[in-house]
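Both of the next two complexes hold chain A, though its partner changes from chain B to chain C.
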Partner chain A sequence: MLKVKNLKTNYGKIQALHGVSINVYKGEIVTIIGANGAGKTTLLNTISGILKSSAGKISFNGTDITNVPAEKIVRAGLVQSPEGRQIFPLLNVEENLQLGAYLRADKERIDEDLRRVHEMFPRLNERRKQLGGTLSGGEQQMLAIGRALMSKPELLLLDEPSLGLSPIFVQQIFEVIREINSQGTTILLVEQNAHVALQTADRGYVIATGQIIMDDDAKALLKHDSVRKAYLGG
Partner chain B sequence: MDAIFNSYTLQIITMCCINIIIVQGLNLISGITGQLSLGHAAFMSIGAYTVTLLMLDLNVPFWLALPLAGLIAGLAGFMLGVPILRLRGDYLAISTLGFGEIVRVLFLNSTTTHGALGISSIPHYTTPLISVILAIVGFIVMFNLTNCRFGLALRGIREDEIAAEMMGVNIAKYKMLAFAIGTGFAGIGGALYACQITFISPGDFAFTRSFEQLSMLVLGGTGSLLGVAAGVIILTVIPEVLRFATEYRMVMYGLALLIIMVFRPQGLFGNIRVNL
Partner chain C sequence: MVIQQLLNGLTLGGIYALIALGYTMIYGIVKLINFAHGDVFMLGAFVGFYVAVHFSSNFIVVILVAMAFCMLLGLLIERTAYRPLRSPSASNLIGTVIMVGVIAAAAFLGRNGMNTLFTSAVFYEGLALIGVVIFLLAKGKIRVKHAGASGTSRINALITAIGMSIVLSNTVAIINGPQRVTFPPVLELGSWNVAGMNISGLQLFIITASLVLMFILYFIVHKTKAGMAMRAVSQNINAARLMGINPDKVIGFTFALGSALAAAAGVLVGVFYTVADPNMGSMYGLKAFVAAVFGGIGSLPGAMVGGFALGVAEVFGVAFIAPAFRDAIAFGILILVLIIKPTGIFGSNVKEKV
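Showing the complex of A and B:
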């Protein structure tokens, strides 16, 4: 479904990605784990068209989407839920979700998806008229994921969904991620919280200083010695 | 009735309506879309000079020259937007400030515009009725623009550009459109201004004018259409009411601004704070 080949991205003169290659197949949950500054967010932002790559190729469902404007990538069905939630703080919950469905015109289907998001996150239904910025951290994360779902993605990119959340919320969010996946959305998940990410995912990649240093089944990575040492605390 | 609607108050009402049209435009750019502009008066001047030169030099009738003034100011806004709307926050503000000065100096040195002498005896077409009607029309247009999908996208850009982009909003295009429409409003307002005062010179559109418009917006409440009207009316009427204070007038004007900002930093009708 998604093929990234030898991708390189720079911030000015500093190279953040040194030739990254990953594959995501339909129906999977794939996770990319790595420390701060390893290039996880850079990779996602380059895939979703927010950043431009300097070399390499990204293809989605067989179409080349390298350096295509973000808007067209969303239209093709690849949607990112950004790091640190980045909801629209002065728009209310409903408006936030409406902006998620921004590129769609099929009113009935949008309402149907809105119901689905409300089922998944009843809290968002209760707080429909509340400003996004006044929600708690966990609720904002729900809103960010709900908003991304409103654009009906085939492939959902999640950037650190556990960031800044209490352990109980982390469990909840990851349950929802599994549910979204079981309803047919493929997921590429970037996480610092390697433990919960690898437990949820089918396959995993380990990224360090802009390079993929390991890839395997998620279960195998969980047991792998160097992964345990570096990312799971022994 | 005659005691209230004498020529003096009618003139104030007309100026309020003209300013409402102009600041409504600024609100779309800075309040709704979040792109701080310090050069709004430049687009007002483009509208004012366009209507004047079209009428006086080319004998174009007022009712054709007025929309053309809006169109040309909007076009200028669009063209300026291409290079500078990639900038953010204070960088954008400074470049709009620079653009305002460029426009003023161009009008100052051009022979067609009679330079610093300005242009006098512009036909007086702006009646109170016309200004009131156009302010209401402008208000309705803005209300519809900001409360549809387009407006939602603009507010999304204001709140978080990257998140808006991730939702599929073409931010460059939308910023440009907001800028073009907003500056178009300034052009219409400028044209009405020229045909109200009947005399214009480049000095009328200096950066202090842009700041005055921004003050009206911030005071009334950034992003709020009602706030625009409130801010304009208050800042147009206060200096008139304070005429009794003669030389202390501007001190009291400044004091009024200060007090409102201390107690209502989000403006009278707004819920958004301006971030420079």
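Showing the complex of A and C:
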């Protein structure tokens, strides 16, 4: 479904990705784990078209989407829920969700998806008229994921959904991620919290200093010695 | 006397508010003080004047044509002057070069008349130069470089705005001549004498019209999809792109809206004060800018309240202190606001995120 080949991205003169290749197949949950500054967010933002790559190729469902502007990539069904949630603080919850459906015109389906998001996150329904910026961190994460779902993604990119959340919220969010996946959305998940990410995912990649250094089944990575030492605390 | 002056103040204030809305909207979305905005207002007055003299003396036609013209002008300014600074690609710069050519040709035509254009060497030299530059840009022989850090590119945009302002006012001065023009009476509404006050129908009309336009704007920004996209882009441009919103389109839309309001203000000024001149944009523009800062730049209600407050303050100052204080009052307010509450009435403290 998603094929990234030998991708390189620079910030000015500093190279952040040194030729990254990954594959995501339909129906999977794939995770990319790695330390701070390893290039996880850079990779997602380059796939999403927020950043321009300097070399390499990204294709989605067989179409080349390398360096296509972000707003066009969303239309193709590749949607990102960004790091740090980045909800619109001065819009209310409902408006935030409607913006997720910005490109869609099928009003009935949109309402249907809105109901689905509300079922998934009843809290968002309770806080419909509240400004996004006044929500708690966990609620904002729900809103960010809900907003991405309103774009009807085929492939959902999630950047650090556990960031800054209490352990209870982390569990909740990852249950929802599994649920979204079971309803037919493929997921590419970037996480620093390697433990919960590998428990949730089917396959995993380990990224360090802009390069993929390992890839395997998530279960195998969980047991792998060097992964345990570096990312799972021994 | 006080009520009479209040009415005068609200009339002027409605005009300031209409112009201030453009400043504040554009600032809200691209963080640029568009100093060319006052000149868009001036062009609105001039387009209204030309339509009224040459085509139709129907007020509705006059104001709608002026608004439509300035909408396109606003789009064009954004496209050719500011967008290339945000994303300097060859295709964006080709638009800029063509725009420069068109302005030069318009100025030349206005000065020398149609007949001389095609017989003058300057025209062909200019055309050749533009052709060469476009060719080099298209072939990638001229490389464009991004200003990089957002601080630098913001200053570049500000300087560009000042340049755009000079270009617009001088183009009109060349085509029209630097003298003022007298507006024909396209709207006559009479006046009434109530309790010793002279209440002009035109004043009531201007106050009402500006309120109606503000209401329409408020509706667009808060109740339509395009307005929601505007607010989204102003709050977080990258997140907006991840929703599938094309920021360039939204920014263009914002310029078009703001310019249409400025054009309406220009026609209203022309109708009420019966004159327009090529330099009127700078003073009205600066005062509307003060109104926007006073209300809190970036805030729509702020621009409305700031505009009316500034209009009333100015007229009261003229009436009760001295006419010579007219301009001093507006800029005195600016200084006070910047000392006491730099974020303005409705402005909030902006936290710079790391």
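Following the convention adopted for this analysis, the second predicted complex is superposed on the first by the 234 of 234 C-alpha atoms of A that agree within 3 Å, B and C clash if a C-alpha of one lies under 4 Å from a C-alpha of the other, contacts with A are read in each partner's own complex, and residues count from 1 in each chain.
Here, a contact is a pair of C-beta atoms (placed from the backbone, for glycine too) under 8 Å apart; a residue touches a chain by one contact, two chains touch by 3 or more.
If you're wondering where the values come from, they're calculated on a predicted model, not measured in any experiment.
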{"item": "Chain A as common anchor, with chain B and chain C clashing or fitting", "value": "clash"}
{"item": "First (chain B), second (chain C), both or neither touched by A:I50", "value": "both"}
{"item": "Partner chain in contact with A:P89 - chain B first, chain C second, else both or neither", "value": "both"}
{"item": "Which of chain B and chain C A:R147 touches, first, second, both or neither", "value": "both"}
{"item": "Touching both chain C and chain B, counted on chain A across the two superposed complexes", "value": "48-50, 69-71, 74-75, 79-80, 82, 86-91, 95, 98-100, 102-103, 147-148, 151"}
{"item": "For the chain A and chain B complex, residues of the former touching the latter", "value": "48-50, 69-71, 74-75, 79-82, 86-91, 95, 98-100, 102-103, 147-148, 151"}
{"item": "Residue numbers on chain C that touch chain A, as the complex places them", "value": "148, 225, 228-229, 231-232, 235-236, 238-247"}
{"item": "Chain A-facing residues of chain B, complex", "value": "149, 152-153, 155-156, 158-160, 162-170, 271-272"}
{"item": "Contacting residues of chain A [partner chain C, same complex]", "value": "12, 48-50, 69-72, 74-75, 79-80, 82, 86-91, 95, 98-100, 102-103, 147-148, 151"}
